[in-house]
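Look for chain A in each of the two complexes below; its partner is chain B in the first and chain C in the second.
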Partner chain A sequence: MLAAKSARGLVAPAVLLTAGVFLAPFLLLLAMSLWSQPPGSLMLDVTPTGEHYRRITTDSYYMTGLARTIWLSLATTAICAALALPLAWWIVRRAGRFRGLVLAVVLIPMVCGALLPTLGIVNLIGPLGVLNGTLKSLGLIDRSWKLLGTQAGILIGLVHAFLPLMVLPLVAAMDRLPRDAEGAAMSLGARRRAVWTRIILPLCAPGLLAGSALVFCATLTAFVTPLILGQGKIPTFATMAYQQASLVLDWPFASALAVVMLAILAAIGALGWAIRQALPGAAR
Partner chain B sequence: MTSPHVQIDGVAKSYGGAPALRDAAIEIGEGEFAALLGPSGCGKSTLLRILSGLLEPDRGRILLGGEDITRLPAWDRDIGLVFQNYALFPHMTVAQNVGFGLEMRRLSRGETRTRVADALAAVGLTGFERRRPAELSGGQQQRVAIARAIAIRPRLLLLDEPLSNLDAVLRSSVRSELRELHDRTGITTVMVTHDQSEALSIADRVILMKEGGVVQAGTPQEIYRHPANAFAASFVGSPPAALFALPPPAAAEAAGWQPGASSRASTAARAAMIAAPASAICASSAPCQCGSRISSFRSRLRSRIAFS
Partner chain C sequence: MKLSGVLWALLTGAVLLFLLAPVAVLIFSAFDDGKFFRFPPRELSLRWFGAALDSPEYRGALINSTIIACVSTAISVTAGLMAATGLSRGGLKSRALVELLLLAPLTLPLVVWAIALLQIYARLGISGTFGGLVLAHAVITLPLSVRILLATLAGIDPQMEEAARSLGARPLRAFLRTTFPLALPGVLTAAVFSFLVSFNDVVVTTFIAGARWMTFPVRMYSQLRGQGVDPITLAIGAMIVALILAAVIAGELKFKWSRRL
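Up next is the complex of A and B:
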C-alpha cells in the first residue's frame, strides 16, 4: 500500500497544474471584475468597485443580451432534447450494426471543433446557400429565407453543434434500461404513451438531465456559433465579453460579464443537482 | 370436452426467413398448468411472446376463452407475464410495481391497495411494499414479478423459465410454491422451460416442442411412458433414454436379443434400448437395414420406430 506521503506526491502535479492554470486565473478574474479602468486609459485602478455589475444589471443592452442568451440556451436545450430522444431510441433499439456509424456521424460536430461546422452551416443556410437555392429552384419560395444574422440561424448552428451532448447521455441511459421493462408494462395494460411517460422517460431522466445541463451550459458560453451565424447582429453574452476584452480592451468589465455567466452556470449546476436528488431512485 | 381455454391454431412465425414456429397447434384447458418444453430454439419462447401479444404471428389464430385475440394488443389482453429476468421497474417501489397494472386499469386507490396487499400476501412478501427492487434478492424479485402479474387477475398467466435464474436450493421450493399458487388461484398457467424434470414435476400437461413444432402433448405420464418418437424419448426422462442404432437383426440375436421373447420387451432390451419401458426406437441415421425383422418385433414391443 502507498504511504500517505507518496500518495500526496502522486496527486501533487495535478493539483499544482489545476491551481496554476485554473484556480489562479479564476481568482484573478473575480478580482479584476471589481477593478476599474479610468476612461481613456489602459491602466487598471484596483480600488474595489461594484460599478461593472451595476452597469450590467441596469443597462438594457446587457440585460437584453443576457435574456437573449438564456432564451437561446433554453431553446437549444429543448430542441436538442426533442431531437435526441427519438434519435437515441433509434440508435439503441433499431440501428443494429449501423449503431457505430450513426454514433460517429452524430459525434462529428464535436470532433471538428466549432469553426468548420459553423462555416459549413453558413454555406447551407446563407442567402445563396444550398437550402435557399434548392427551395428557389423548386419554385417553393421567391425570396431567400433570411436565416443568417437571425436567432433562427444561430439556433440551427447551436443545435447542430451541441446535439451530441444530449444524444450521448441519453444513449447511455437507454442502454441501461432493464430489458423487457416495456414488454412487462404493456402486458400489465400500459399503452405506448403510458410506457413512455411511466417507464422509459422516468428511467432516462438522469440522462436527459445530464444532457440538458451540458447543452445549456455549452450554449450559454458558445462564442463562435453566435458570432458567425449572428453576423454580429445578435449579441450574446459570450460575444459581448469578447467585444469588451478584445475590441474595447476593458478587461475589468469583460471580467464582470464572465463572472455573471459563471454564476448562471453555477446556478444551473445546483439546480440540476437538486433535481437529480429529487428524482425517484436517486438514492442509488 | 368443453372448448379449451387457450387455443393456438396453426400459428407460424419466422424471423428474417428462418422459421421459429411452424403451424403450432396447441390447446390448453381452463385452470390447467401447462409446460412448453423443448431445447433452446424450439420456438417455445416465441410462442410465449405471441401469447402475451408482444409478438405478432405471421399466420394462425390465438383464442382465449373462445375469443380471437390474435390481433388484440398486449395491453388489452389481461394476460399476466413473468419474464425470465423479472423486468421489474427499478424506479418504483414494490407496491408501485405490483400496483402498476391496477393503475393502468384506473382502479380506485382503496381497491388498488387491497389488491396489492393480497397479491403480495399470496407470494409471501407482506411488509415489502416500500422496498425497491434493487434492495431485494433474486428470489424476492421474482415473487414481486409474480405478484405484479397476478394482481391484475389475469385470464392467463405466462411464466418464462421461472426457475432458471434461481440457485438449486431455491429452485425446488419455488417449484412447489408455483404449483401451490396455481392450485390456490386457479389461474390457467403456461410455463416455458427447457428442463424436462421441471416440466414433468410441475405441470398437468407437457407440450414438447422441437424446431418450431409440437412433437407431443400430454400428461407427464403419457410423455414419459409413451414418447412419440426418438426425440421425445431422448429429451424426457432422467437419465434420458439411451438410444443406439439398432444392430442388424443377426447381431441383435447374437447378442441374446430374442425378438418377441416377451410381449413387453425383455429386461435386457428395456435397459439397452430405452428408459421408457414400453417403447423401442430405432434411431439409425443411415438407411435402416433392420427391415421386416424389426417391424415384427416392433409390433410386439408396441413401440414406434423413427427413421431419421
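Up next is the complex of A and C:
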C-alpha cells in the first residue's frame, strides 16, 4: 500500500491533464456560445447574447439538419443492434478457438480510425466501385446504383464505423449468461423464439442498452463519415458545426451548435440511466 | 448441423464480411494501375506503391504523424501508468471520483471538445504547433492507457512489491523489478492503442493542425473533401491498414487485446 501523499502525487499529472486540458474547455464553450462575432470580422463581442440559439431553433436549415441527424442515429443504432446480436451470440457460443480472430476482425473499424475504412467504402460503393462493378458484370443492373452522396451511403459508413461499439458490450453481457440457461428453458418446453425473447434478450438488456447509447452518441457527433460519404450534399448537425468552426470561422455560432449537441447527448445519457434503473436486477 | 445452425453461420459470416470489406477493398484498390480506381480494374500493378515510397511530400506528413504519435504515446502511457498505480495501490478515498474524471474523455464527444480547443489554442497562439498537437493527442489517448493499465494492475498481486520493499528495495526499484515486468503486456497494449488513436486521429487534429505540422490523416481528409483521392494516398492508406491489421491480429492472439478494452 502506498502512502496517501505519494498516491496523490502519482495521480496528479493525469488529473491535471484531463481536468485542465479536457474538461475546462467544455465550460469555456458555454461562455463562448453566448459571445458574438460581427459579420466580416474575426473580433469578438463578449456581451452575452442568445442570438445563436435563436438562430438554431428558428432557422429550418438547422432544424431539418437536426431531425435528419437524429433519424440517422436511430437508424444506425437499430441496424447495429440487428447485426451485432447474432454476431455476438455466435462469438460467445460457437466461435470456439476462432474467437480471438473474429474479435480482431470486429476491432478493425476501431483501430483503423475514421478515415481509412471510409476511403475503402468510397471505393466499395462508388459509381465505379466494387459493388456496382460486380452487379453490372453479373448483368443484374445496367446503371450504377447511386449510394455515394445519399443517406443510404452514409448509413453504410456509420454502421461499419460503430458496429464494434455494439458488439463488444453485447459479448461482455452474453459471456456472463449461464451456459445452461437456454437448456433449462428448453427442457421446460420453451421454443427457440421464447428462449430469445424471454431469456437471452432480457438478460442481455444492459449490454444492449450500453451499446445502443454508445452507437447513438457516436453517430450523432460523427462528421467525417457523413461529410465524405454524403459528398457534402447531406448536412448533419455535426458537419454543420464542423463547417462553421473550420471553414466559415464563425466560432461563437459553432460553439452554440456544439452546446446543443452536448445537451442532446446529456438527455440521451439521462434517458439511458432511467431505463437502466427500470430494468429488472438494476439494484444489484 | 441443423438448418438454423447453417443460417446462423451464414448471417455471422455476412456481418464479418461487411466488417472486413472496406479494408479489403482499400488494399485491393491500391493495386489498380489506373489513375482512378474502377472495378474490375483494367490492369494491376505495384506502380503506386513505388510512387508512394518515392514521394517526399507524403513522407513529410507521415513523419509528422509518427513523431506526434510517439511523443504523445510516451506521455499517455507514463501518466497513465502513474495514475493507475496510484489508484490501484494508493487506497485513495476519492478513487471512484478520480477514475470517473480520468475516463470521462472516452464518453464525452471529441468534436465538441475540439471546437472549444480550437478557440483556446487560437487565443494562446499555439494552434498548429507541435506542442499544441502533442498536448491534445496525449489527452485523448490518456483515458485508454488508464483503463487498460487499471485492468492490468488489478490482475497483479501487490504483495510481491511489498515483499521486495520489506527486503530493503527502494520504492522505484521494487516497482521496476516486480510489478513492472508483470505489467509489461498491458503497458505494450496501452502503447499500441495510444499510438494508433493518435496516428489515425482526424476528428480533433483537423481543427488544430496547421500547415507546418500537417498529419497524414488530415491531409487525406482534405483531399477526400475536395477533388478526391489520388492513387498514392490510396497506396499509403493500404500499407498502413495492412500493418494495423497484422499488429491487431498478432496482439489479439498473443495478448487477448479485446478483453482489455
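To be clear about the criterion, the second predicted complex is superposed on the first by the 273 of 284 C-alpha atoms of A that agree within 3 Å, B and C clash if a C-alpha of one lies under 4 Å from a C-alpha of the other, contacts with A are read in each partner's own complex, and residues count from 1 in each chain.
As a convention for this text, contacts are C-beta pairs under 8 Å (C-beta built on N, C-alpha and C of every residue); 3 or more make two chains touch, one makes a residue touch a chain.
Model, not experiment: these values are computed from the prediction.
Student: Once chain A of both complexes is superposed, is A:Ala181 in touch with chain B (first), chain C (second), both, or neither?
Tutor: In the superposition, A:Ala181 contacts chain B only.
Student: Going by the contact rule set out at the top, does A:Arg143 touch chain B (first), chain C (second), both, or neither?
Tutor: neither
Student: A:Arg97 contacts which: chain B (first), chain C (second), both, neither?
Tutor: After superposition on chain A, A:Arg97 lies in contact with neither partner.
Student: Just to be sure I read the superposition right, which of the two partners does A:Arg193 touch: chain B = first, chain C = second, or both, or neither?
Tutor: After superposition on chain A, A:Arg193 lies in contact with neither partner.
Student: Which partner does A:Thr221 contact after superposing on A: first (chain B), second (chain C), both, neither?
Tutor: In the superposition, A:Thr221 contacts chain C only.
Student: Counting touched residues of chain A, say whether chain B or chain C comes out ahead.
Tutor: The partner with more contacted residues on chain A is C.
Student: May I ask you to decide whether A:Leu28 touches chain B, chain C, both, or neither, giving the answer as first, second, both or neither?
Tutor: The answer is second: A:Leu28 touches chain C but not chain B.
Student: Using the superposition described at the top, list the residues of chain A that contact chain B and also contact chain C.
Tutor: Touching chain B and chain C on chain A: no residues.
Student: Would you pull the chain B residues touching chain A in the complex into a rising list?
Tutor: Listed in rising order, the residues of chain B that touch chain A are 49, 52-54, 73-81, 83, 85, 87-92, 100-101, 104-105, 132, 134, 145, 148-149, 152.
Student: State the interface residues of chain A toward chain C in the complex, per the touch definition above.
Tutor: 1-2, 4, 6-11, 13-15, 17-19, 21-23, 25-26, 28-29, 32, 83-84, 86-87, 89-90, 94, 100-109, 111-124, 126, 128-130, 132-134, 137, 160, 163, 168, 192, 217, 220-221, 223-224, 227-228, 232, 238, 241-242, 245-246, 251, 254-255, 258-259, 261-262, 265
Student: Going by the contact rule set out above, which residues of chain C touch chain A in the complex?
Tutor: Those in contact with chain A are residues 4, 8-9, 11-12, 15-16, 18-26, 28-29, 36-40, 79-80, 82-83, 85-87, 89-92, 98, 101-102, 104-105, 107-120, 135-136, 138-139, 142-143, 146, 158, 162, 171, 193, 196-197, 199-203, 206-207, 217, 220-221, 224-225, 229, 233-234, 237, 240-241, 244-245, 248-249, 251-253, 256-258, 261.
Student: Residues of chain A touching chain B in their complex?
Tutor: 178-181, 183-191, 194, 198-199, 202-203, 280-281, 284
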